[in-house]
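Once you've had a glance at the structure underneath, I'll fire off some questions.
A, B, C, D, E and F label the chains in the order they appear, each numbered from 1.
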Amino acid sequence: MRFVDEYRDADVARALSARIAALCEPGRQYKFMEVCGGHTHTIYKHGLEDYLPESVTLVHGPGCPVCVIPMGRVDDAMHIAEQPDVILTSFGDMMRVPGGQGSFLDAMAAGADIRMVYSPLDALKIARQNPDRRVVFMAIGFETTAPSTAMTVLRAEAEGVDNFAIFCNHVTIIPAIKAILDSPDLRLDGFIGPGHVSTVIGCRPYEFIARDYGKPLVCAGFEPLDILQSVHQLLVQLSEGRCEVENQYSRVVPWDGNPVALAAIGRTMELRPYFEWRGLGFISHSALRMREEYARFDAERLFEVPGVRVADPKACQCGEVLKGVLKPWECKVFGTACTPETPIGTCMVSSEGACAAYYNFGRFSRDRVREATRA
Amino acid sequence: MCLGIPGEIVEILAEPDLALVDVSGVRRAINIGLVEEALAPGDWILIHVGFALSRIDEAEARSALDFLEGIGQAYADELAAFADSRIVEHDVFIPRPADLAAPASAAE
Amino acid sequence: MRELPLINREQQVLDRIERARRRRPTVREERITLAHGAGGKATHTLIDAVFLEEFRNPLLEPLEDGARFAVDGARLAFTTDSYVVSPLFFPGGDIGDLAVNGTVNDLAVCGARPLYLSAGFILEEGFPVADLRRIAASMARAAAAAGVAIVTGDTKVVGRGKGDGCYITTAGVGVVEREGAFSAAAARPDDVVLVSGPVGEHGVTVMLARGELDISSDVTSDTAALHGLVAALLDATDGVRCLRDATRGGVATVLNEIAAASGTAVIVREEAIPVRRDVRGACELLGIDPLYVACEGRLVAVVDGAEADVALAAMRAHPLGAGAAVIGRVAEDPPGLVLLKTAFGGTRIVDMLVGDPLPRIC
Amino acid sequence: MRELPLINREQQVLDRIERARRRRPTVREERITLAHGAGGKATHTLIDAVFLEEFRNPLLEPLEDGARFAVDGARLAFTTDSYVVSPLFFPGGDIGDLAVNGTVNDLAVCGARPLYLSAGFILEEGFPVADLRRIAASMARAAAAAGVAIVTGDTKVVGRGKGDGCYITTAGVGVVEREGAFSAAAARPDDVVLVSGPVGEHGVTVMLARGELDISSDVTSDTAALHGLVAALLDATDGVRCLRDATRGGVATVLNEIAAASGTAVIVREEAIPVRRDVRGACELLGIDPLYVACEGRLVAVVDGAEADVALAAMRAHPLGAGAAVIGRVAEDPPGLVLLKTAFGGTRIVDMLVGDPLPRIC
Amino acid sequence: MRFVDEYRDADVARALSARIAALCEPGRQYKFMEVCGGHTHTIYKHGLEDYLPESVTLVHGPGCPVCVIPMGRVDDAMHIAEQPDVILTSFGDMMRVPGGQGSFLDAMAAGADIRMVYSPLDALKIARQNPDRRVVFMAIGFETTAPSTAMTVLRAEAEGVDNFAIFCNHVTIIPAIKAILDSPDLRLDGFIGPGHVSTVIGCRPYEFIARDYGKPLVCAGFEPLDILQSVHQLLVQLSEGRCEVENQYSRVVPWDGNPVALAAIGRTMELRPYFEWRGLGFISHSALRMREEYARFDAERLFEVPGVRVADPKACQCGEVLKGVLKPWECKVFGTACTPETPIGTCMVSSEGACAAYYNFGRFSRDRVREATRA
Amino acid sequence: MCLGIPGEIVEILAEPDLALVDVSGVRRAINIGLVEEALAPGDWILIHVGFALSRIDEAEARSALDFLEGIGQAYADELAAFADSRIVEHDVFIPRPADLAAPASAAE
């Protein structure tokens, strides 16, 4: 596949690996956070850590949109799904996320009509095909996904579809990064920036990270070489004493982002004063809701959403994992009580969740495996 | 974050904002309303949840790849100078190379 | 590349996890969900905790593709599968040939020569008789091609909204004419793992045929009867240890079953796994892994490493094995796990499927 | 009583009708209706015109309760049935023991000793796991009681509204240790017809258990495994010609199958047919005939007339045959018909069931 | 069963049979019509004709309520069933009756929600259980059944159930008998009167038959001895030169009928000016419809019932069978093209239809059967 | 016309117009609102589509039956006078009488 396979070349990886090792100051430990869950997924799926020297540690960040949904929002969605004539739609990853009353899969088993869609446009299509039902799309995702939701609402408006609404759970990445930067727990040497969010918001919004916090950030693509190269660029900056925002993913990310996408968001959505993030608590201006003008497409206005706050299970340490403070396997329930088939926390559900990625792909002792995969 | 897949535009469709896109041999209609520049068959785009998020800039891609391949070549040259056991570690893996060649009918 | 020391704490956690994984699974859900039918962990847990628990007997216990027993000196294999595929007709096949080939294959991978099939139909009120004829004709063709006879059957009709057109349950009886159980438990270190052709074609075909994803492709189902291929393989070498057809849960699930049952590690090499270009495209678009996608005409064989060449040649010489490849090998450690050497050069686990391969976006 | 002359015109019509009845049936409906699953004429027509037409082979052709064949010198019987009963649990049984007993019985009436069963489950999303456990436990008990083992199986899950909780398809393999096919074609004039106990209890139980009719009763299902009773009968006499379990379509349908297959007349005497008082009450209230109501633990046996006493005694000596009775005999003419000598002293035809025994009011 | 088994005694039947034979004048042929399909059913089900001398012929009458429904009414019912949210209910016998577009069973297979009920009260219960659906009960039957429909409507009114309606096809027996009496085709010696209709209307309405048409009528029960006794009573009347209405079924039928039942009918229903009977054509004042006051329970008013007239299939001779002019086996398609599984006419569907009763129970050559059932 | 079945009232139910009725061992609630006279347990009614159409008059039934049984007895007496082959015709039917006796467990 073009633009995919070129970035999975093991020979280039070995060369980069050697350069990276050479760039590390002896005795110094480097900690870089990959903000985005997509990067976490790539890292484990391709076994990328095999190419990093011991002195470089990748720390998983908060950029998994499924992982940050608090349990209460899942319950709210189920409440909507239980209303008469409602078809609730969402992306596949939401199906197994545990709320206070079980997951969507459980609700389906109990009779709710919840359907998985590939695109918000598919949810709109379901609304068109079921004029006597009320179709709600549970929108999740960062700025990457919000424009698609916005475009779908605009399309619904243009077509006069009146049985379609959005349960909006879009979140914004910058406040989350800022929360991490302000957290006392973590000492980071730089960021691997979220490439796909950046197709929309561009690279400029990260400049404060370099400027105010003194941390370099490289906006990275999602193939393993993209990430390895980004680590290399971060180390080069550090070795050269620079601290800048760089764009490794320039084939896709324009420095100024996507003005059409930003306009679509701006037309239909506005910032919420605050929003609860799973494990991270309330973060101000960190999420989007539908604008007043689009109230008729807003499930939170159309349905009396209870808005119950559900405390995370005691054992759950997703917040620490999302902040990069704990490695997944350091959570006490990891792999025993919390597994992908019986998740306690959200990070174990989404394929971009650090716990799920580590459990599914990375769960083994490197030494034993090296032994096993040797000739 | 969020799955983005490169695809090649095969056809601009009659419906507004829609293009038929090929991803490694399969095709889907993708909404291209979020991309500012005019798109044409042969252009590559990044697909996310049924929308094109951006056009892939082939010149940027080429120059970045040149850099990466340059590193790879330089490294290979270095290694050629002496037999390095690390390479062997990767290659001495049962399925012998002969077996690994994907047979004709399954060729990608 | 860095050399990792043994990280003690992590190793302790991993040991704890492996202990947890080996515990008898329990069904925690109160209600059956779609995941219980997807062929992955939830299915295994349900079968283990409910059916094996209640029915327990030495023949059922190994949970192979079929049971083998002797009656009056004759050695027999016996298997069943229910077919609920939607849509009923898809490029390359339909529920009818699926139902015949699937049961033929389960007999074949028990090392048996398939002889006789039964067919139980559960039809939904309103199902077009013409479609039923088409399905029956397809079953008849598949049975003739496989050299088996459908000798007994049953037909039930359920009310509208209590079915999905047509469900078929076939059972099959075969005769075991060779030595060797070819069970998942028989894999040993230094064996090699072969697959008879590109993976995932059936599952992708059916997913796309539903039409909901609006993806078009030329992929067709790989449904086929494998007993001829199996016979060719067994004729060529005595080194065959295990045989499986990679259906629900795909090759990944089969490999996990083998690793778990034999207490070995199965190590596969990503580059070696044949995947059609368009199957890969569909999987990338949907965010799923072709290793977990069902095939209905692909054989997974574990063979004595010394016989790898012979086995591969035998497979490739058969029309259904033209795309065969050695995809990996069996090792001692870590027992019960499947590892993948990625094309990128890293190593990762390939676990059993959790629930359905849901199209994912993030 | 009047003596009728042969009415020539009427006789011509009747001959024409019998010719029409013997023609290959065709399915005229475009869609499957509930009648196609009721076990009566529509079911037979569908099986004949679609399945037999496509699958035709000598083992299937007699359309017996199971197929018999030899493998490596071992003589085997093989059968399958799908169970879609609603409700799943009813007084005296549930879908689980039904699925085990039904397949055990189909083997038993082939003259086989049942050995091994398979079980394919089609579960509906949302089905309570506790109910599934209960069903599995019931199957295990029934299997243990019948001395068979469930040795292989399969589990599928269908979406909500695509099933009805739980469907089970069992198949069974048995060993034939005696001579005689006990097929419906073997009946001969002067044989007698026995039934092992009162008829219609299962069907009435299930109809009432649905609750829609608001009728309460103490009737319980007769579900039972009949192989022991069959063995006792076969041990007692060599005169057994045909064996059938009277399931869908009831005793009337079985008798019609025997008359049709053997080209004889079966003549039964209404007073001799054992029917529980409350079963009769329910049938009167609903306007249905107990002869058409399903049993799940009743044997119909055709026995050499000279062995009638021995056969009856053997049945009655067995706990499941305590209520056995000779209900009629086989005659030469009119071939293919079942006649009933009514308690009132008249004579009438007992035809095959048309569609479901619908509660009727007029 | 009490009140059942006593009336099935073969010894008494033989005795009655002998008396009957003795009452017949040598050389005279007697033709009695059993008006009611229930009697037809009993006659064939118990093999009653075996007890009648050759000189006595039973002729089947028009009293099978399913048989007289014209195809157009079945199509009208299906039209109602196809309306959004409708559940159509009716008795089991209606399920296989062919309309112009197939039967209810076919309509169900094609997706219509049609349900079989044991009682109109069960249809009302379905309405209560499905408040968001419209439940229509297709009412059929003579005066026997009309009071149950009437009581059910009154109950629906009392309970304020507003999603329940009647598609009224009740017919009245007297005009049908009169049509038979006025038909030139048929010479009858007397009538076996419909016992269950008479529980409602009593015996008085038959008096005109004896008085104006000179035919005796014995109102008869439904067990075989009831019918045999009625034949005996008719022959006694004829031999004594009497011509009266007699009540053989006095254990159940009051001479004056059931005033409560008549009042219930009168309150909710009224006579239609005319109604089409299958095979018999239009007969005036021969059927009931809902009164204006109960318009809200009247499916014919609530739905736009097309009221299409469908011509009977060419081969269909149900009219002649219903009038007693043809024996079932004299119809050209009887038993070949028209069978219970593939009925052309209504008489082959209902278990009270003469063709069905004859096909299911009576279809054989008596001589051969006598031979077969002899020792 | 239309199926009518005799049943015995077991209990007058609390709901208006409802009675629990036994038909040969099975029970159903039957609407008795169409019967004018007061009904009580032990009364027999004729049931049609869930409604009682009339009370069965036991005295009428008795006297009618007496007549029928009288005919039967008279006939039996006549026949006893000479062996009549017709009776034989009915009785000489395989299943011998011994077999026909419904066994205890199935007794009606």
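Definition applied: a contact is a pair of C-beta atoms (placed from the backbone, for glycine too) under 8 Å apart; a residue touches a chain by one contact, two chains touch by 3 or more.
Values in this document were obtained by computation on a predicted structure and should not be read as measured data.
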{"item": "Among all chain pairs, the one with the most C-beta contacts", "value": "C-D"}
{"item": "Candidate from A-D, A-C or C-E with the same interface as D-E, over half of contact pairs in common", "value": "A-C"}
{"item": "Intercentroid distance (Cα basis), chain C paired with chain A, Å", "value": "33"}
{"item": "Mean-CA-position distance for chain B and chain A (Å)", "value": "22"}
{"item": "Residues within chain D bordering two or more other chains", "value": "1, 29, 31-35, 125-126, 213-214, 280-281, 284, 287, 341, 345, 360-362"}
{"item": "Chain A, residues touching no fewer than two other chains", "value": "1, 4, 9-10, 14, 37-38, 64-65, 91, 108-110, 118, 122, 141, 145, 225, 352, 373"}
{"item": "Numbers and ranges of chain F residues touching at least 2 other chains", "value": "1-3, 23-24, 48-49, 86, 90, 93-94"}
{"item": "Complete list of chain pairs which touch one another", "value": "A-B, A-C, A-D, B-C, C-D, C-E, D-E, D-F, E-F"}
{"item": "Residue ranges of chain B in contact with chain A within the complex", "value": "1-4, 6, 8, 23-24, 31, 33-36, 44, 46, 48-51, 53-54, 56-58, 60-61, 64-65, 68-69, 71-72, 74-76, 86-90, 92-94"}
{"item": "Residues on chain F engaged by chain D in the complex (per definition of touch)", "value": "1-3, 5, 7, 22-29, 47-49, 86, 90, 93-96, 99-100, 102-103, 105-108"}
{"item": "Residue ranges of chain D touching chain F (in the complex, touch as defined)", "value": "1, 190, 192, 197-198, 208, 213-219, 269, 271-272, 274-278, 280-282, 284-285, 287, 305, 308-309, 312, 316, 322-329, 341, 345, 360-362"}
{"item": "Interfacial residue positions of chain A with respect to chain D in the complex", "value": "108-111"}
{"item": "List of chain E residues in touch with chain F within their complex", "value": "1-4, 6, 9-12, 14-16, 18-19, 35-39, 63-65, 91, 118-122, 141-142, 144-145, 147-148, 151, 173, 194-197, 199-200, 222, 225, 229, 248, 250-254, 258-261, 264, 352, 373-375"}
